[in-house]
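When the chains are written out, they are named A, B, C, D, E and F in that same order, and each has its own residue count from 1.
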Amino acid sequence: MILVPLPRLRIEPLVRNALAEDLGLAGDITSAALIPAGHRSALHMISRQAGVLAGFDLAALAFRLTDPSVSIAQIKQDGESLTPGDVIATIEGSSQALLTAERTALNFISHLSGIATLTSRMVTAIAGTKASIACTRKTTPGLRVVEKYAVRAGGGVNHRFSLADAVLIKDNHIAVAGGVAEAIRRAKANVGHMVKIEDDVDTIDQLQIAMAEGVDAVLLDNMLPEELRLAVEIVAGRAITDASGRVTLETVAEIAASGVDLISVGWITHSAPILDIGLDAVIAPGE
Amino acid sequence: MILVPLPRLRIEPLVRNALAEDLGLAGDITSAALIPAGHRSALHMISRQAGVLAGFDLAALAFRLTDPSVSIAQIKQDGESLTPGDVIATIEGSSQALLTAERTALNFISHLSGIATLTSRMVTAIAGTKASIACTRKTTPGLRVVEKYAVRAGGGVNHRFSLADAVLIKDNHIAVAGGVAEAIRRAKANVGHMVKIEDDVDTIDQLQIAMAEGVDAVLLDNMLPEELRLAVEIVAGRAITDASGRVTLETVAEIAASGVDLISVGWITHSAPILDIGLDAVIAPGE
Amino acid sequence: MILVPLPRLRIEPLVRNALAEDLGLAGDITSAALIPAGHRSALHMISRQAGVLAGFDLAALAFRLTDPSVSIAQIKQDGESLTPGDVIATIEGSSQALLTAERTALNFISHLSGIATLTSRMVTAIAGTKASIACTRKTTPGLRVVEKYAVRAGGGVNHRFSLADAVLIKDNHIAVAGGVAEAIRRAKANVGHMVKIEDDVDTIDQLQIAMAEGVDAVLLDNMLPEELRLAVEIVAGRAITDASGRVTLETVAEIAASGVDLISVGWITHSAPILDIGLDAVIAPGE
Amino acid sequence: MILVPLPRLRIEPLVRNALAEDLGLAGDITSAALIPAGHRSALHMISRQAGVLAGFDLAALAFRLTDPSVSIAQIKQDGESLTPGDVIATIEGSSQALLTAERTALNFISHLSGIATLTSRMVTAIAGTKASIACTRKTTPGLRVVEKYAVRAGGGVNHRFSLADAVLIKDNHIAVAGGVAEAIRRAKANVGHMVKIEDDVDTIDQLQIAMAEGVDAVLLDNMLPEELRLAVEIVAGRAITDASGRVTLETVAEIAASGVDLISVGWITHSAPILDIGLDAVIAPGE
Amino acid sequence: MILVPLPRLRIEPLVRNALAEDLGLAGDITSAALIPAGHRSALHMISRQAGVLAGFDLAALAFRLTDPSVSIAQIKQDGESLTPGDVIATIEGSSQALLTAERTALNFISHLSGIATLTSRMVTAIAGTKASIACTRKTTPGLRVVEKYAVRAGGGVNHRFSLADAVLIKDNHIAVAGGVAEAIRRAKANVGHMVKIEDDVDTIDQLQIAMAEGVDAVLLDNMLPEELRLAVEIVAGRAITDASGRVTLETVAEIAASGVDLISVGWITHSAPILDIGLDAVIAPGE
Amino acid sequence: MILVPLPRLRIEPLVRNALAEDLGLAGDITSAALIPAGHRSALHMISRQAGVLAGFDLAALAFRLTDPSVSIAQIKQDGESLTPGDVIATIEGSSQALLTAERTALNFISHLSGIATLTSRMVTAIAGTKASIACTRKTTPGLRVVEKYAVRAGGGVNHRFSLADAVLIKDNHIAVAGGVAEAIRRAKANVGHMVKIEDDVDTIDQLQIAMAEGVDAVLLDNMLPEELRLAVEIVAGRAITDASGRVTLETVAEIAASGVDLISVGWITHSAPILDIGLDAVIAPGE
């Protein structure tokens, strides 16, 4: 699947904001005091762990917004696997600017590559099944677009970007509506026929009701593998089957083997550790 | 130490932005379709894991900005310990609004409580020593202020908020400047005498040079415990000693025992998993 | 179908921006010079034409942001029909504030009610058929969310809110891809299976190819009624049928009679004249 | 009269906002999936109706912000007449970018050219008289600056940009102030002598009072042609005469013949249908 | 002349921005560490110098945005004279919030009152003449609206708010246009007849040319009092006469005595020292 | 001391905002009407007074944002002394753009150079002493970063940028805390050991208490020279000594002679008159 690059219009405000946050009011006083204004350097951006790259454009933009004359040779692309020591890119420019933008660049790329890497491990764990790994709305506030991009870079797919994208009927909705059937009926009566409806079901009984009413997708919540298999059998291709809950690197293969279409996982976005990526000076010649 | 609440002026833009991100263009179509407009509910905010609370004001603001009539009874305060099942707060208001704001509220509070929890574990691990756990500038882009607050909620302290706060001389600065002594001299010549200077040293030799030049703090980078002890002895109270590198929950006690003042850890902010916090309907009576 | 109110978070920036635009740098110098500061009035918001109301919350917010003490009694709801002379609401507050906010309030409500009215006429014209009237991305820049809301208020449905919502394959895409079949194949290979794919077809031949490849919806572009009937027959419920082009108040009934699901119309948003709504002073007593 | 181009500083935020609105969170997924990244095309921007061009810079900026390498050959200028089939410009660049920016570019230029075209028809209808066609503050919220520019492109002139520009005394002001004379006196007492005062009069009697008090302009509201002629006679060049109300393409010539200086029309901005402008692929060569 | 209050919509962004600037990332750490959270105080806002008040609403808003529960009793109004020791207002609220907002509130009110005071001295110096004191576009970047308001509070009037308000022909325009007459002709040909034209003249000869062409106002630049008198005689009420250059508190009376309508002074906005205003604790009772 | 340039990311929003403020809604109508579009000029930026330059980058950016093709030859650098008639830079570009950006550019550079000049006079007055001139938080709202930069350009140093930078215990804090000793103790207990604590003392007695408790700096408020000398003797290098109050160009030398480290002055930022800088046309050849 093609990985659509993030539009510059979307990422530029994020990078400007992050740079401003790190520059504070007086700017990078260390580099200004120690590094001669005209001094230039080259840095290697290096992976220090195995993983999958994501967010290179944000890192590159951090350097470009700090020094428009920077020259960047990109070697690894978002979505590619990294092994420790891999050179991701070479960045050449004003030494002051490189040191000023370094932390912002790394904060973006290591966070997003961490998400891509975790996603990729899940995708690898279910290779050979028909299932896809999907992320949720459990993302870091303000970074949803780029975190969902990182999931795609890791081989996963995206569920709803926002509450506006589709109907997802959850426990609390069902409780207020007075049952699964009534909840689905209200959804059908009140949204357009271009909007998909997904229903959260905890039991096979609820699933039977949902399928009787007709929905586009069912969220099979916290079901055991044998329940999932039965659910897939009952649905029989009439809706997308989406497993959620109790998903770990250890359990995911068995869940996928049940035949579900999607496995939704919150922690690939909300709890991914960073991928360790660093910047090494290639040459720092005398002035 | 008193935990200064985050000013509303600082957090309101973050919460508005996160809500807008989650509302998308058409808003919460599920709640609108299923929940009668006048229906009201009460939710318990519950901790599902043991940890330390942080970010309650952001979660509360997510509800208040969605429904100004919401009524919130806060039971646990930021910085307090949580055990599984603890009720953090009761929130009563329009059912539609509660369901609409739920994810945004939880995304903030579970992320920040995750950081506070990890920090707190580190702080506990070094109890009885004179050391403090400090965070770094390795934070999630756009969230530095609230993540540093979460570190304080967990009992940690904050290092530089931005590049403007103090001089921190690192390897690359030293390489360009042509040595530790020259780097420190340039710093002293070029910043005001109200600005603190911290120097990164990798070896005891570098430390000796730094102390001979005179600095406010030394970052003891990747030193073994015995080196740290020697470094603390050499510094002898003339500068703040700040250990960094190889810091884990397992190693931190031995590092602290060396007598250093600070232990700087990037991963308490950049790689903290969330603390699992949920919202349970207390009563969802018929309409 | 329930009309989901626009979230305040979405409309407040639009209203603030419009008020600022109208206040200029020095504010409403006429009202300040002529109206005593403490003077209060009541206004009737009156429909001067027959139509459908949309955008009341934006108008009300214009008054509230100018005078927080304003008291508004809303009589007509968005989506309701209006006849000339209908009182939509009574607004009571500071006379200065009412006169200051008047134009901004009316600019929003008359523009959006104009769109709702035009949509409603189209919806009425096809009453009894299974077709819905859908709007497009041909909206006024900056106002897409509220214009699409106005379409819903008028009884219509919304097509894509943005380029990110679904795949819509148009002539130019097909030309570059080298044919309908190849375009559809690339779409299927490169987007997730939660994303709907709609294909623009100009001829029955193209339609046959699209249906053979399999798509979620077909945009039947500029087809004559008899072609549309044939197309609906060919599709036979396997995809949503969406007619576009040559749609006017005169032709729409015949198009709907062909059995299509959707009729997409750009001009209900981009060329709708306003609905004439005014504000009449109820009482303007001496001071 | 020279048509002053809109400053880039003014239009860039509008275009960025409109592009962001159309890109949604995930960007143009269709073009990304179907069009090879390196593919380039050329488009002709073509007028499909007769009219007057306005807003070219906004359309061009939509392309430039999406693809900085785009090359644009502008053939028609804002303010020039268009006949169906006229090529307005040729745009060459990345095929993906052209398709992504297309709708935003067209939404601006077709909306603004629609206003210029309607204005131009009114201006043509009164050719040979001394009157000018003026727009009002009845503009689309957020777009006042560019819509007033479009009026100028169509040969019209601009009335107040905002409430701060001049005093305009209307019915409600007069009612509260207790009469035309008192309203004018308050205005004169309370604004600087650099500020123009215009008074709205409904009758010849009110006009006599206004002229006795002395004003810079009179808004002759809903007067019949013979009343307008009498009003112009009474004013005798001592104030600008400004006719308003009952102005249509049919009536405007007779109104202008009365000798008034200005004819103010709200619907040239608030109810102008778009001018149909499209983009045709010139060449879409193989990759 | 009535002093129109600044709209809240205009001043709120300025006050929010200034508070954010002063809160930095971690907020008011001193008040948080020293002042108990529930402690309340009352402050007197006191004038420490003689002058004229301006900007009270901005100061009050700084307190209100920091503590919505603050209670403010305003005693002196903008535009009123102050003598040393005058109590301007009493402010009661959370002690922490009062100390946090104090500097922002004072920075606004002392800066704007400084401008009002200087303006007022100029106005007093020319009492009994027909002249008004006008400010220019030489204002502090970002604060033009509030500085021009302060000039009005001091009894002055405002010249152009921006380059868009009127034509002002200066030396460089004349040089490029090739003479005063040609410059005026171009202006008349290229702007609407609602736009005022002011011409800068250095000599009586240039004034004669300008009056022959016809302009709305003449800027009499750097003329001696006797030249100004001659200029006023020549203009004879056909245009507004506006004296500029060499204007000081010492010279202004003689300039005004020449009979000019306006005296434009840049330094009342760009070089006004602050008016010293302070906050004294009224009562700071124990907790 | 090296003068760190202001990051473009920090100044660009200020310059864009100031340009937008001056362009109003319709832009520079004078230059558009009088100056042919293709006409180019060169301007000399000239100092008309003796002083110190600050803010050149903001002025240059005003021109560059208005005309990207402008060519600027900078002759004088920020921090350099100017004598009347000195050419600071030559600016060549579109005549329209130069005239449009002129006032914004000059408003920035003359305001900031005014601050640098006043600071420089103070610095010169204390030459030969060990004291530095420091600015305070008494800055123009919204411009703190650039005004503090101007102080550095004038040879001064910066105190706190914001309330978050350090603890500064003032009279009101002491009153609520119940004495100097208790206030210092609360500060030490409640802030991290990386945060500096400065205490405001009015008397030698208070100073003795503060030194007994231990603080990083003492603000010696309104002390006479002999008291300052005694205070410096008591402190004996254990803290930074910071004199404040009664500081004028006349008194500053005697204050500095007391041996204090810092002299804090509010009026170098809040009451500095501008430095008169102008733009002269070098050549304005015929078209």
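Basically, a contact is a pair of C-beta atoms (placed from the backbone, for glycine too) under 8 Å apart; a residue touches a chain by one contact, two chains touch by 3 or more.
Being a predicted model, the structure only gives us computed values, none of them experimental.
Novice: Going by the average position of its CA atoms, which chain sits the greatest distance from chain E?
Specialist: A
Novice: So using the touch definition from the top, which pair is joined by more C-beta contacts, C-E or A-B?
Specialist: Of C-E and A-B, it is A-B that has more C-beta pairs in contact.
Novice: If I average the CA coordinates per chain, which chain comes out farthest from chain D?
Specialist: Measuring from the centre of chain D, the most distant chain centre belongs to B.
Novice: Need the CA-centroid distance for the pair chain A / chain C, whole Å please.
Specialist: Chain centroid spacing, chain A to chain C, equals 33 Å.
Novice: Rounded to the nearest whole Å, what is the centre-to-centre distance of chain B and chain C, using the mean of the C-alpha atoms as each centre?
Specialist: Measuring from centre to centre gives 44 Å for this pair.
Novice: Between chain E and chain F, what distance separates the C-alpha centroids? Give it in angstrom.
Specialist: 22
Novice: Give the residues of chain B touching no fewer than two other chains, as numbers and ranges.
Specialist: Within chain B, the residues that touch at least two other chains are 2, 23-29, 32-33, 100, 144-145, 158, 161-162, 164-165, 189-191.
Novice: Quick one: which bits of chain E touch chain F in the complex? Just the residue numbers, please.
Specialist: Those in contact with chain F are residues 14-15, 17-18, 21-36, 39, 41, 95, 99-100, 103-104, 106-108, 110-111, 114, 137-145, 161-173, 175-178, 183, 186-187, 189-191, 195, 267, 270-274, 281, 284, 286.
Novice: Under the definition above, what is the set of chain D residues touching chain F in their complex?
Specialist: Result: residues 2, 4-7, 9-10, 144-145, 148, 158, 161-162 of chain D touch chain F.
Novice: Which residues of chain B touch chain F in the complex?
Specialist: Of all residues in chain B, those touching chain F are 1-2, 132, 134, 157-159, 161, 164-165, 189-194, 196, 217, 240, 261-262.
Novice: Please give the residue numbers of chain F that touch chain D in the complex, ascending.
Specialist: Residues 16, 19-20, 23-29, 32-33, 65-66, 100 of chain F touch chain D in their complex.
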